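Okay, so chain A shows up in both of these, paired with chain B first and chain C after.
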Partner chain A sequence: MNALVWILGGLLVILAIAWVFRFATQKATDNKPYFRDMPLSVAFGYVFAAAALLLSIWYFFQPKAVDGIPSAGVIFFRWAIIGLLGFAAAAWVFRTVFRNVGSENSKKLFRSMPLTAAFGVMIIIVYAIVSIFAGLIAPYGQEEILGAANVVAGGDPAIGGNPEYPLGTDQIGRDILSRLIYGAQNTVGIAFITTCLAFILGGTLGFLAAVLGGWLDQLLSRMVDALMAIPSLIFSLLLMTIATAWAGSEAWLVTIYMIFIIAVIDSTRVFRLSRAVGQSIVVMDYIEAAKLRGEGMGYLIFREILPNALAPLLAEFGLRFCFVFLTIASLSFLGVGIQPPKADWGTMVRDLSPFINYASFAPNAAVTPLLAAGAIALLTVAVNFVVDWMLHKSSGLKE
Partner chain B sequence: MSDLLLKIRGLKIEGRSDETWNPIINGIDVDLKKGEVLGMIGESGAGKSTVGLAAMGYTRDGVRISEGSVEFDGVDLVKASASVKRSLLGKRIAYVAQSAAASFNPAHKLIDQHTEGPVQHGVSSRAESEIDGIELYRRLRLPSPEEIGFRYPHQVSGGQLQRAMTAMAMACRPDLIIFDEPTTALDVTTQIEVLASIRDIVEQFDTAAIYITHDLAVVAQMADRIKVLLKGDEVEEADTRTMLTAPTEDYTKSLWAVRSFERPAKPAINVNATPVVSVRNVTAAYGTVDVLHDVSFDIHAGRTVAVVGESGSGKSTAARCITGLLPPRIGHIEFDGQQLPLSYKQRDKSQLRQAQMIYQMADTALNPRKSIGETIGRPVEFYMGLKGREKRKRVEELLAEIELEPTEYFNRLPSELSGGQKQRIGIARALAAEPQFIICDEVTSALDQLVAEGILRLLAKLQDELGLSYMFITHDLATVRSIADEVVVMKDGDVVEQGPKKEMFKPPHHAYTDLLLSSVPEMDPDWLTNLLQERGVDNIGDAAVDKM
Partner chain C sequence: MAGLLGIILQRLLLGIATLFAVSIIIFVAVNALPGDFAQSILGQGATPEAVEAIRNQLGLNESPPTRYFKWLLGAVQGDLGIPMSQALFQSFTGSSTGGDVVTVFDQIIPRLKNTMFLAGVSAAISVPLAVTLGILTALFRNTAFDKAMNVSTLSAISSPEFFLAYILILFLAVLNPVFPSLSNIFPGMEFGDRLNKTMLPALTLTLAVTAQMMRMTRAAIINLLASPYIEMARLKGLSPMRVIVKHALPNALAPIITVVALNLAYLVTGVVVVEVVFVYPGIGQLFVDSVKIRDIPVVQACCLIFAAVYILLNLTADVLSIISNPRLRHPK
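The block that comes next holds the complex of A and B.
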């Protein structure tokens, strides 16, 4: 009850300040149209945002520990803010560098790029490098057991860390940093292959259905409907259980089966999209002109339709990649995906998840499961930023 | 208070593109008295619509008024607050958009949308404005006015919708209406009805209006004064009659001269010669509905056959039958005396090569992701088997033929070209196949008059050089007059009349041909008045009812 009164009172105060703010700016700027036509709700938004900003700054500078007990809220908040600002700064530097280095075309591209997209591109490049050169970058092997188990992240011996393992070790003593790096290779690499496969399959069939229409379209579409009617995670879980039984002791076979299963299930979404995009392109006069010229099906699909469908398909590729990636992580979390001892982010989150219970008194220990989860989140956010930007660009082209 | 209703002074408007503000309108003055109609003409991109919208104190997104004032009845709309503008717009200033079909909300009945303005502005109650709406529908000569308002927008025709929108604009009895190309999307026969009713209602209520159009003949009927715009500048302004008879500026004169292009008549056809294309008793259907009934006509070598008619008359369907996209149900197509397979899928490469097509909308006819060189190069490679340097040379020849600088345009994308240039690329692509026969489907109707004339002259030149035959589909009789040798008039899937152009433009005609011919606006400002007298004013309303 008391809290409710405080919140209501605070909002009313902000509303009052907003009214004063608007009144003052109207007087000060001699009724500039922007302030004259400003609704009170917009002024409220400004003042509210300012208040929230001030509160954050105040909270940021609160002491890290009170009477020797760490205040976990402040510490996590600081990490979040530092991470956010750090990534923003890195993205800005990255963009600035590439605005001045590289070919004319790439410079032009970076000049038109918003900061969010630059961040996304940067993260994707970093992940790509890390996953390709994982063997060279990682300090230890992914399966290597290094004596000390449960070393706390941060490398500070005072609270149970070890500078040799900057991100600590897991419950059986494997280096978490190395496992994160190898996890990038396993999870991201497999997700990439799976997404490509889904696109080749779904895209080709979708365009074919759009161009030919008729019974082929009906047949393919109804098959896709049937596949989509089953919840995809449960369906893939079911199939993976069967596949695991088939594969027996061959762990690599399970991975191959997984790639195909997820690719087929995800290709249904790609099919839907490419069919819809294809259908709107097929009615264009230039397709009619190509048909009347006597062009074959291959030329129609790959030379006339595909270039025009590329923008939405690329955007979908980014999104689909995230979903595939999350599906793999979920399957691994559930124990049927990438098999141990191979490092994989989903499995890491599952295995280390009990540490989250320490969050209130030992933030550095609680962070271990969050590292893998953060790696997943970071890539997902990055890919989505790039996708948003591409969608924006492709819709701009149509104007 | 002076009797000036609208006073625009030094209006400058800028648009945002590539991160900077670029001028669109460079200082324009407009004076409009009460009850006066000002015509505003110019090609696309001249800024007509932008000025029209600015007269309401409104700009589109990404566009701003940078300087100048728009005084409406003493109120400067540029500086006025949103609430002041709200109280004026819709009530004292109204707007009629080009495409009524796109401007009505498809989810509401016409009368609901009609009464919204008066009720919102507190001019009248819902019941009163409904009665008034029906009265306006009657005055605009809409068929069954008591009942038409209770239909949804998709249930009435384009011309009726345009009139319903005019009625909606009149709902609050505004002092000023801005008409933005209200008849451009309509057929000639429908256009007349809309023009006549707009003119009547503007006169009856003594409303001032700005009438924006690119069609000179239309503006001559509607306006008291005409203002000519070019690229955001005023070229000249004068009384309609003065402007038509004695324009002072070169640009205006060139606009006026467009309609004078006419090809010399060719000698009569040798009746024994085999026609290049011959349509034989073709009946075609979409699904189970016949849209062409027993259509026959011939196209001879080096001739242009114009196929005219309103939309829905089957002109384009006839073209689809010739190309084989729509195999005829009965009848067949002959090429050089040889019967062609009905479907394009069964025709071989050389048969496909002989008949090419140029489309109405160059935007959708060119693949936006392919450069000009690729677009024109493909048929060169596909049919002629030329590759590499030879292909490039041939494409450059073709570009020179359509009067575009080869080196400059070779690598451009369609989005980097103007409408007229795109249409030229469409022509080049057709020529690249080295055909004998080209179907031109409304190739000039999406273009400005000056640009359209350029395209017509180019087509005529190519015909003389290469001996091409054209099937020219159009609804614009001015185009027919300038380029055709023979004319085929179609209505509802039937050929109503056909023959050499000379005979077609001379009476006696079939009644429908007569209606079409007499509906083409002429530059004479008295034309509409005379025509209405001739037909008897009531006839137009009746004609509209008949069409239902």
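The block that comes next holds the complex of A and C.
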């Protein structure tokens, strides 16, 4: 209750300052139109933003420890701000470099790119490299149990770290950095394969339904309607129950089944889109011409429809990939997805999550579950930024 | 109005037909278990007697269609069978004396209520917040405020729920103990206490759904801003706030209502992960636990309930958008 009173009081003070600020600027600039017509809410926004900025700067430079006890709030805040600024700076450098290096087309592309999209492209490239070369980058094996368990991240021996394991080790002594790197390979790789499968399945059937029409279209569409009426996470959990029974004690089989289950569930969404896109293409004159030339079904789908449907399908691929990736991470987090001992981010979050309760006295230990969860979030955010930019560009919206 | 009633009735029938199809899918999926699930649950080492007892308990000796219709009839009447754990217990003690048998129905109902409470609290926070923010971003479009909101909502949509949940736990439970990080809800709790313990999961869900609704509200309003009547209102000298709230918002209601209903559907079904993180005793947690121990009757029942809620809310979205947009009532 006390905190609520403080917050309300603070907002009122800001409102008063906003009024004074507007009044003062009106006097100082001799009623310039911008300040004369400024609503109080806009003035409030400016003062609020300024207050938030000042408060953040003040909080950022608070001492990291008082009387030897780490003030965890300050430490986490610093990490968050440094991370945010660091990523923004890296994205800016990345964009600037590619504005000047590369072919004419790519330079042009990067010149029109907002910072968020540049950040997205950069992160996707980094993830791709890490997941392909995981075996070379990772200092230890993903299943390797090392000498020390529960080593704290940061590599500072004074607080229980070890420079050999920069991000520490987990409860049974596996190197967290290596597992994060291998996790990129496992989680991202599996999500990528699953999305490709879903697109091959859903895309083919969707185009077939669009080209052939008639009973096949009706049958497939009604089946997809029924499948889509079950929430996808729930349905995949139900099917995973059965898959684990089929797989028995073979853990790797569970992963294979999971790929197929999620691919089938996700292909329904792809089917919807590709059918709709296909139907709008099928009525075009050039399809008619191809049909009259006597071209076969394969030619129609792959040489006539697919190239024209590529742009919307590509944007959908990004969104579907995010969705599949999050589903797999959630399933693994719930304990029915990618099976241990394979490193995977969802499982890592679940296994390391108890550490978060140590945050107030050992911030370095508490950060490890957030690293795994953050690795998931970073990729999905990156893909979404890129897709958002692509959609914005293709829709031609200027506002 | 008769036409409208007809349309609603038609949608309702369509919904029931869909639910019927869904129940068939669930049943077929469950029956795809290798052998039968009595065997698969008891494992290789089970005695034939035990397997037979379970088979009798669950009525597995009948043909699949008979079993399906029995299950469906039971489900309609609120009888969802008994959980596997109970069946196991009875087969080991060798008695099925009834008495204190806990049916699936008994297990699910209190948890469903908890989940509804959680979804209700999150909806009560997120819907007003989303609409207000949507209006504000539409009003101050293309300013720094709008861009910051765009980036932060896009990040919130794309992050997994458990990431948001742990961030909230870190800041609101561990570093600043404002809310408890474990939601041990029990019956007979006081409302304030209950609200306090539900707050963190509700806030996580709010973060997850607000973004979508807000972006939709913004897009719907901005779509209308090029219309002649908005231009008229502007030229009349109305303030931008008034133009948006009085003139644009009522016409943007249809897409907003649809996206709100769809997000509520997401709230009810997307609670699974959030409930597991906060150990919230809702139906999602029950579902995950049953999936892990392969308690088929419970899994089946939860799945059916989730699907029913999902279909119902989608149906509501459909009907509401027809009501709010007369043009949809008279398709060309």
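Note that the second predicted complex is superposed on the first by the 327 of 399 C-alpha atoms of A that agree within 3 Å, B and C clash if a C-alpha of one lies under 4 Å from a C-alpha of the other, contacts with A are read in each partner's own complex, and residues count from 1 in each chain.
The rule we apply is simple: a residue touches a chain if its C-beta (ideal position, glycine included) is under 8 Å from a C-beta of that chain, and two chains touch if they have at least 3 such contacts.
On a predicted model such as this, the values are computed, not experimentally measured, just so you know.
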Which superposed partner A:G173 touches (first chain B, second chain C, both, neither): neither
Partner contacting more residues of chain A (chain B vs chain C): C
Partner chain in contact with A:P341 - chain B first, chain C second, else both or neither: neither
Chain B versus chain C as contact partner of A:M240, first or second or both or neither: second
First, second, both or neither for A:P369, with chain B first and chain C second: second
Touching partner for A:S330 - first (chain B), second (chain C), both, neither: second
First (chain B), second (chain C), both or neither touched by A:G189: neither
Partner chain in contact with A:E288 - chain B first, chain C second, else both or neither: first
Chain B versus chain C as contact partner of A:G73, first or second or both or neither: second
Touching both chain C and chain B, counted on chain A across the two superposed complexes: none
Parts of chain A lying in touch with chain C, wherever the complex brings them together: 3, 39, 41-42, 45, 49, 72-73, 76, 116, 222, 225-227, 229-231, 233-235, 237-242, 244-246, 322, 326, 329-330, 333-336, 349, 353, 356-357, 359-360, 366, 369-370, 373-374, 376-377, 380-381, 383-385, 388, 399
Complex contacts: residues of chain B adjacent to chain A: 79, 81-82, 323-325, 344, 347-349, 352, 356-357, 359, 361, 364-370, 378-379, 382-383, 415, 429, 433
Chain A-touching residues of chain C, taken from the complex the two chains share: 18-19, 21-22, 25-26, 29-30, 32-34, 37, 40, 140-142, 144-145, 151, 154-155, 157-163, 166-167, 169-171, 174-176, 178, 181, 222, 239, 241, 265, 269-270, 272-273, 276-277, 287-288, 291-292, 294, 296, 299-300, 302-303, 306-307, 310-311, 314
Chain B-touching residues of chain A, taken from the complex the two chains share: 33, 36-37, 284-286, 288-289, 291-295, 304, 307-308, 310, 397
